[in-house]
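In the two complexes that follow, subunit A is the common piece, with subunit B as its partner first and subunit C second.
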Partner chain A sequence: MRLIPKQIETLWTLFTAPVVWAAHFLVCYLGAAIYCAKPELVGLSFSAVRAGIAAATVIALSLIALSAWLAWRQWGFGTDDPPHDDPTRRDRTLFQGFATLLLSGLSFIAVIFTAMPALFLTECIR
Partner chain B sequence: MSAAVKERSREEYKAQEERLRTVWANPTGWRYWTSVNNFQIGLWYGSAAFAFMLFAGALALLMRLQLAVPDNDFLSAEFFNQAFTLHGTVMMFLFAVPIFEAVAIFLLPPMLGAREMPFPRLGAFSFWSFFLGGIFVCGSIFFNAAPSTGWFMYPPLATDKEFSGIGADIWLLGLSFIEVASIAAAVELIVGIMKCRAPGMRINLMPLFAWYLLIVAGMILFAFPPLIAGDLLFEMERMFDWPFFDAARGGDPLLWQHLFWIFGHPEVYIIFLPAIALMAMIVPTFSQRPIVGYSWIVLAAVGTGFLSFGLWVHHMFATGLPQISLAFFSAASEAVAIPTGVQIFVFIATMLAGRVIFSTPMLFGAGGLAIFVIGGLTGVMVALAPFDWQAHDTYFVVAHLHYVLIGGMLFPVVAGLYYYYPLIDAKQLSDRLGRLAFWLMFCGFNIAFFPMHLSGLRGMPRRVFTYPTEIGWDWLNLISTAGAFIFAAGVLVVVLDVLRPKHRQPRGELNPWNAGTLEWISEPEENWGVRSIPIVRSRYPLWDQKDLARKVNEGRYYLPDAEEGWREGLVTSVLDAEPIQVLRVGGTSYVTIVSALSLGAAFIALTFHWWIATALAAIICFCAVIYWLWTGTGEIPEKPEKNVGLGLSLPLYASGPDSVGWWAMFITMVGDGTAFASLVFGYFFYWTIHADFTAGIAGPDAVWSLVAAILFAAAWGLMVAARTFNRRGATAAMRGLLVLSLLTTVGASAAGLAGPWSPGMEPTRHVYPAIVWILVLWVLAHGAVGTVMQAYCLARSLAGRLTPKHDMDLGNVVLYWHFLLVTAVITFTIIGLFPAAM
Partner chain C sequence: MGQYFSLSAASFLLASGYAGARSVLEPAGEEAQQIAVLFWVMLSGGALIWLGVVGLLLHSALFNRRRLAEKSASRIILWGGVVFPSVTLCALLAYALWLMPGLRPFAQASSAALRIEVTGRQFWWEVVYHPSQGPPVASANEIRLPVGERVELTLKSADVIHSFWIPPLGGKMDMIPGRINRLSLKATKPGVFRGPCAEYCGTSHALMAFSAVAMEPEAFRSWLAAQAIPAPSAGASGSALFLRHGCGSCHFVAGTDARGTIGPDLSHLGSRVTVGAGILPNTEDAVARFIARPELIKPGSSMPAFDMLPPGDVRAIAAWLRGLQ
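What follows is the complex of A and B.
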């Protein structure tokens, strides 16, 4: 079994990291909102919610790092510099890799932003 | 000899040109209005949107007059309410969003080197829907019946018929209708950008405008459906008293706020990104160099597109949600400043690296960005919950949103108007008037809106129709009013510049700004878009491919002819734009107008509860759409392939994921799925806010619900089998399976109905039965559409229009059923099992 996926020809990989951000955002928001609305549901404390957010964040950041590594590979490990505007398949692939890498960076930062409230808030205050 | 050959080839060239011109020609006389060509539709769309903008601007001036001095009685409170509601509504729904659809429909085909958008009739339908809906909504104020509860229609005020009158219905139904038009435009844009680019235009060579529009169209698919779902709940409450937002019967007004702002915040970026896309075309031209950081712009467009969906609660900071929820949205609101900033730095870098020509479009663009940056910074301020609690619902927010929208959208759009006007009639707008307009607008804007920050900080709430003299708001308001009129004078100069007769002005050059992108080779006199479809090898083909324009106009590239009398374009692959199919698109037709007007009539009749008229209009619309599909889509070509020139032969028919129709269905159903997800969100939302959300009411019968889910799954399986059998040539078996599947669907729907029916759930009693019913009705309506599709495929097969080789219709219908399967199974398992599990 191969651990690292093969390079594939599709537009969709561009969106991997932002989709991970969106999923992480939803998990954090819905998890916290449901807990604060129905704290008796699972019988856990708010620390459990924070731990859950921490876990979700670690998973999301790992996935984004993986996406970034794949993008770096697609970008030819940075051997060529942008603008990647030649009318060739190679430049098109390099462009995709570079754009995906940039998006992974943005998503990485955005996930950290989203997780930060859990560092400071210790209860469901309204 | 060679002279004779030359003579003959010139004749042949003339004949080709004439055939092409005839095929793409507009009808004359009053039939002109049946045109579906992207140039006309784009122009009408844009003009209509601009006219609506002027109307809404006039309302704003009336409001400013009223607020100029304290204790003014120029307008009544009631009229003032209608004016500000309509101002916001019209600016957002009838100007800001549609103007970009207009620009895109007008510009994208020539920019991508295509002849047309993939679904020109859909574009025309979208325009007529928008136009009719817009007239209806705007006209209401002349009958003192305009919506008056603010452009975001918060219940319980807006659900209360005593306070909001019929205006709220006009808002809900008129705008739902326009939302349909937006989703139609999104389908058109996504398919157009992904599949209809000129050969060779790989995704790394695509104009940035197209990148932005692709992202925006995707955002529309996820942003508008929640509002459509919200509108549905809202209208059910107003029309039939289903208590979705009535707290006394378990409903919650906050659900509306969620659904509205899940739409409303991405919408800001849906408005902003296309305007920035115009800047991404203008800045390189006037810096006379390629954009610096193409990939960074793609990052910014995609990044903003995603992050903008994590901001909606920042409109609800003052509603008492848990602090941790506020903090998540606050964080995302700060994060979105990163990609937004990237774009501005890219523009600055491009200007620094090039030799900037400070023309009128650049003036508007740069001025707009300066204003936008101020709006963006106050945006970061109100993204902080504690500051927002102070500034919420004050004029500070009014100032902020106008800085963002006018700087981020109106100024770039005017820049685009000055830049692209030569494409409309080969003449330029006046540079002198343009500069005058700019300075009037720029100064007027700041004089009008900057003081609003201060009046807001001094506590002036938005939407008050007057104020007493002693609280220190008077002179700030007076300055604002003066500024508003200076600003309006600037807009008026733009209008005069556009409308003044230009027949004495000589015809200008084809590419007056020496721009590098393809749209500048299209001749305004011709309707065909491009004389022949070029092969693109650069991001700025007109700069880098020196003889491109000449060769295109000499018909030396693809499809220089229309031998068979069809309007044709090329379909190319998504990543590398390799030509894969010839696409024949629909031409001039009444059917688009008839469908749009009848659909509009149905919505309007519904507003006034004229049930029979509604039913009649709906039936006309249904027949028109079926006629449209039957005569205008999935046509079996007279030959399998066609020579497109340059020694290339391409198929004329495609089905499944290769066809543009399949993509259109997929995209539509993604939007539809989002609306459904919003309803499911509503179900669980009610669960979270109540200790027992069923309020002791017996839920739908679990057995019937499960039977419905199983039968829908069976109907889906039969559809998949029908497609397989058809491909194998077993036509009779396919027809049998279609009939069987249709009957199963009817049975499934009956079982689904029996679920909430058998325990006698009354939707007006409490929100729990209401939300269950709405989910069931959603599935049943989709089931009904599914049966129509099955019957349609059967009829097509019997008529010989659906064959084992030409099975596009069936492929698209099966795709619809994949989505229906998911919808039905989720609905019936949730409503049948979830209450018991809790």
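What follows is the complex of A and C.
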């Protein structure tokens, strides 16, 4: 089994990082909302919620970093400069790689912004 | 009778000023102080960035019109367009989040010596003081709080969503039917402030306000003690007219047979800064005008007009109500 997926050409890889961001967003917000609505159901302290958000954040950032590395590879490790606008297969691949890399950067920052409240909030608001 | 109806546009404009200061930028409370600092930080940060961007634009358009090499242009985009905004936004977000626990000090709220229960109604505020010792004290359309002491507010609504806000003291908090929201405030300076309803709640939403009075703790305690007992003049002659014309079926006046709970508690109306929920000065004339034609002053309010009463009776009731100190 290979650790790093081999390069495939599909539009879906473009969405990897935003999907990871969306999943992380849902995990953080739903987790905190459920805990704060029914703390007795979950039976954990708020620090456990913060630790859970921290773990989800580390996983999400790692996945996005991997997605960024794959995109960088698809972009040819920066050998060519944009715009990749020739009607060739090579330019299409490079364009998609570069777009995926930019989206990964955006998602990386978005995941950090989503997780930041957990650094400062120490209790539920009732 | 025409004197009661002489409500001009000008007096409406003036009316909004009757209940005191309302600026977020003149904080008189701990929470509002932090909000004001946050505002100035954001404003100066935004202004600096704006000046920088406009400066660069002018620089490139007027003074330095040579083309940049692709490499240095990319570098400017990377640092100025990606790294700088990300780091700046991250820092501003961290600062705002860091302020949040202090803006909503829930842990401290439950240990407050005084709890004030406020219920929003179309278009007025029902207020009940729950001091740590002694029985609850009912009032309406005015909130008094001691300077330097933390007060817990429990906020409810009897009909639609309202929002409670005393800008110089702290941030706003919604009043949602079926829910109890908590807010904690600590006034740091004495003063009279205006609290508007901050969530559209119907026809007279813009006319739903209250006065908030921050008082020295000693003065506050003697005021609260006076509010807990009937006004000395409650039994005076105007009370008979008040009861005969049916006012007591909606309004409560301590020390009389008026036991209604639909409208605001009027037990100490004369001691309030404003009447009509923060929109009119507390004068005999304003009270009489409100009694005769409330819909002119507060469209959509549940109070019926009493302009069929002899003007002398309306005036006498108004004088009696004003005397309830």
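Quick note on the criterion: the second predicted complex is superposed on the first by the 125 of 126 C-alpha atoms of A that agree within 3 Å, B and C clash if a C-alpha of one lies under 4 Å from a C-alpha of the other, contacts with A are read in each partner's own complex, and residues count from 1 in each chain.
Assume contacts are C-beta pairs under 8 Å (C-beta built on N, C-alpha and C of every residue); 3 or more make two chains touch, one makes a residue touch a chain.
Not measured: the values here are computed from a predicted model.
Enquirer: Tell me which partner touches more residues of subunit A in the superposed arrangement, subunit B or subunit C.
Expert: B
Enquirer: Check the residue A:Thr114 against both partner chains and state whether it touches subunit B (first), subunit C (second), both, or neither.
Expert: First partner only, subunit B.
Enquirer: Is A:Ile125 contacted by the first partner subunit B, the second partner subunit C, both or neither?
Expert: Both: A:Ile125 reaches subunit B and subunit C.
Enquirer: So, A:Ala23: does it touch subunit B (first), subunit C (second), both, or neither?
Expert: neither
Enquirer: Classify the contacts of A:Arg89 with the two partner chains as first (subunit B alone), second (subunit C alone), both, or neither.
Expert: In the superposed model, A:Arg89 contacts subunit B only, not subunit C.
Enquirer: Could you tell me if A:Asp81 is touching subunit B, subunit C, both of them or neither one (first, second, both, neither)?
Expert: Touch partner of A:Asp81: subunit C, not subunit B.
Enquirer: Which holds for A:Lys38: it touches subunit B only (first), subunit C only (second), both, or neither?
Expert: In the superposition, A:Lys38 contacts subunit B only.
Enquirer: Looking at the overlay, what does A:Leu61 touch: subunit B (first), subunit C (second), both, or neither?
Expert: Neither: A:Leu61 stays clear of subunit B and subunit C.
Enquirer: In the superposed arrangement, what residues of subunit A touch both subunit B and subunit C?
Expert: The overlap between the subunit B and subunit C interfaces on subunit A comprises residues 109, 113, 116-117, 120-121, 125-126.
Enquirer: Which part of subunit B faces subunit A closely enough to touch in the complex?
Expert: 194, 200, 202-205, 290, 293-296, 298-299, 302-303, 305-307, 309-310, 320-325, 327-332, 334-335, 338-339, 536-539, 574-576, 688-689
Enquirer: Would you mind writing out the residues of subunit C in touch with subunit A in their complex?
Expert: 70, 82, 86, 89-90, 93-94, 97-98, 100-101, 104, 106-107, 182
Enquirer: Under the stated contact criterion, what part of subunit A meets subunit C in this complex?
Expert: The contact residues of subunit A facing subunit C are 81, 105, 109, 112-113, 116-117, 119-123, 125-126.
Enquirer: What residues on subunit A touch subunit B, complex-wise?
Expert: Where subunit A meets subunit B, its residues are 9-11, 14-15, 18-19, 21-22, 25, 28-29, 32-34, 36-38, 82-85, 87, 89, 91-92, 94-96, 98-99, 102-103, 106-107, 109-110, 113-114, 116-118, 120-121, 124-126.
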